[in-house]
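In the two assemblies presented below, chain A is common to both, partnered first by chain B and then by chain C.
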Partner chain A sequence: MTTFDAILSSVESQFAKTTWTDTGIAAFPVNFSKGDLYPEEFVKIELLPSTGLNMQYGSAKQRSGTIIIQIYTAVNTGLRRVTAIADLLDSLFYRKLLQNNVQTFSSSMQIKGGNDADNPSLYRADYVVPFSVY
Partner chain B sequence: MPNISAINASIYTGLDFLEAPVTTTLRQQAPYEWAALFEEVTDTAGTGTLNQVTATADARAFGQIREFPNLGIPANVVNVPQYGQATSSQVSGQSDAPSLDFVFNYVPTIHAFINDLRSEGTQRLMRVRLAASEGIRATDGGTNASGGTDGAGANGVTLPYFDSVDGMREFSDFYFFGSVASFEIVPALDDAMQLNITLTIDGNLFGPVSYASAYTAAAVPADVSDYGTPLEIGE
Partner chain C sequence: MSLDQIVRDGVNTAFKILNDNGNGLTTELTFSLSESRNYDFSTGGVSVNSETTVTVTGVILQLDTETAMRAVESLQLTVNPTAQFIINLSSFPDSRNLKLFDEFTANGVTYSVLNMTNNGYVVEGLAA
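Let's turn to the complex of A and B:
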């Protein structure tokens, strides 16, 4: 009986692991603004539980969706830092079984076309990984 | 009407069986007596919104079912050539007993018992309960949502849901005597692991049966003798 809230908690708890905290990169949820106080590089956690699965009789809550980690780095620093952070996210999300039986699959990275619209001093890319919970 | 009376998706359909092996006495019993071997229905109307149901110590659920087979006896149509005619005619021959192929979302700790059943090869009384609405889910020896204390091992057995206002939610039962003939695990790369099993059926399929229609606060029967007269599919 995995709820939407439990799925989000499973994703967020990955960022509490030392693998991530040791990097010092800040992680924020979407729909949260720090105004002009954002650090030079950070990530935002976005969750799209898009599909309800009908693959079992009974009351089991089975869903699939996409975890999107928005990666923000400073402009004019090239792509290397973005790919390094994406590789770091792979160690947390690539084909893992998270808490609450949330299972992730193969990841991908999408370059969002340059500087962030809200803050031109930031460059944005998205780390995308599909998930299912049965 | 507790027997299903409208078109709907059977989302809450379950497959249960009795742990006790089949006996001659069991074969001779009526479906309402079989129902009583799976569950006990207590008249507690007026004491709360839910009437108490309890899974017996022998009731077991297969659990995590993904696909059901066609339930019934398949046709065996034979073409008969007619001399001098442009087309042949057809007659209905002796039907083959069906093999019932079920697919489960495989969980080793839950489904280990199925391979034990296959190894034993002994028959059990099986029950498919077709249901479009949620019933009471039996617990493993604990207290279920209706307040009944289930037998140990009954976890997941589908029990009737009926309250003192709306009466009983609809379901239709089918019974058969069968045994597990195959047990095949299918690993998966981007889907849940699956378990395919085949149940062989001995005799006919009995159903659809359900409790009588009068399960309301005003007239809750004291026992399950109003279970209805089943069709015997296959005769």
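Let's turn to the complex of A and C:
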């Protein structure tokens, strides 16, 4: 039986791997503020669990949802860095079997088309990957 | 050689000339970052890092009153800048974290960073 906490832990543990830490890109969860001390580029991790199957057998608890990684880069630098970071995220999340049987699927990107509302010196794009747990 | 590398080499040469074997205009700028919070993804907890410093070579120009006033107007600063600094970006260990540093010490004087622009080769800024 997979809990919400276990799903989040599976996703967050990907950012503790050297595959990610070696990139030097800062990562933070949502609901975590560094005040004014944000680097020039970073990612924020968001988890949106949605409804699983209503009819399930035994103790199995199927859940599904979406992992959203908000990618922030400096404004006026084009999209190349955004896509490069998305490719790095693909190496962690594209069709992977994470801990606790969290199965991720194909990823997509949502280009927000504007500067971040909270900090106009940053450009935001979202890396989105659906997941299921059985 | 790429155009990017040509510009980078040019900037390095300019700073070497400015240094003039240690007798020139360059000086050491020690940027410091006071305590910062981080999130530890392996434990799911919040960690606090103690003060970090990075020392780079750069040039500091003292500003006259007229230039300072123009900067206040054009950049809408709330504090009058007293100095302008220029550093070679390639001497900064991790330029992505440059924005985190809000003060530096040079020649025994501590400056607060008021404004900083990064063009990919040099970082220019105003301090007080």
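In the analysis below, the second predicted complex is superposed on the first by the 131 of 134 C-alpha atoms of A that agree within 3 Å, B and C clash if a C-alpha of one lies under 4 Å from a C-alpha of the other, contacts with A are read in each partner's own complex, and residues count from 1 in each chain.
As a working rule, contacts are C-beta pairs under 8 Å (C-beta built on N, C-alpha and C of every residue); 3 or more make two chains touch, one makes a residue touch a chain.
Not measured: the values here are computed from a predicted model.
By the touch criterion defined above, A:Y38 lies against chain C but remains apart from chain B after alignment on the C-alpha atoms of chain A. Once the two complexes are laid over each other on the shared chain, residue contacts for A:P29 go to chain C alone; chain B is not touched.
Once the two complexes are laid over each other on the shared chain, residue contacts for A:Y134 go to chain B alone; chain C is not touched. In the superposition on chain A, A:F105 makes contact with chain B only, while chain C stays out of contact range. With both complexes placed on chain A, chain A has more residues touched by C than by the other of chain B and chain C. Contacts of A:A16 after superposition: chain C is touched, whereas chain B is not reached. The contact sets of chain A with chain B and with chain C never meet. Considering their complex, residues 9, 12-16, 24-29, 32, 34, 36-41, 74 of chain A touch chain C.
The touching residues of chain B, when paired with chain A in their complex, are 10-14, 64-66, 68, 105, 134, 137, 190-192. The touching residues of chain A, when paired with chain B in their complex, are 55-60, 105, 132, 134. Chain C meets chain A in the complex at residues 33, 36-37, 39-42, 44, 46, 94-100, 102, 118.
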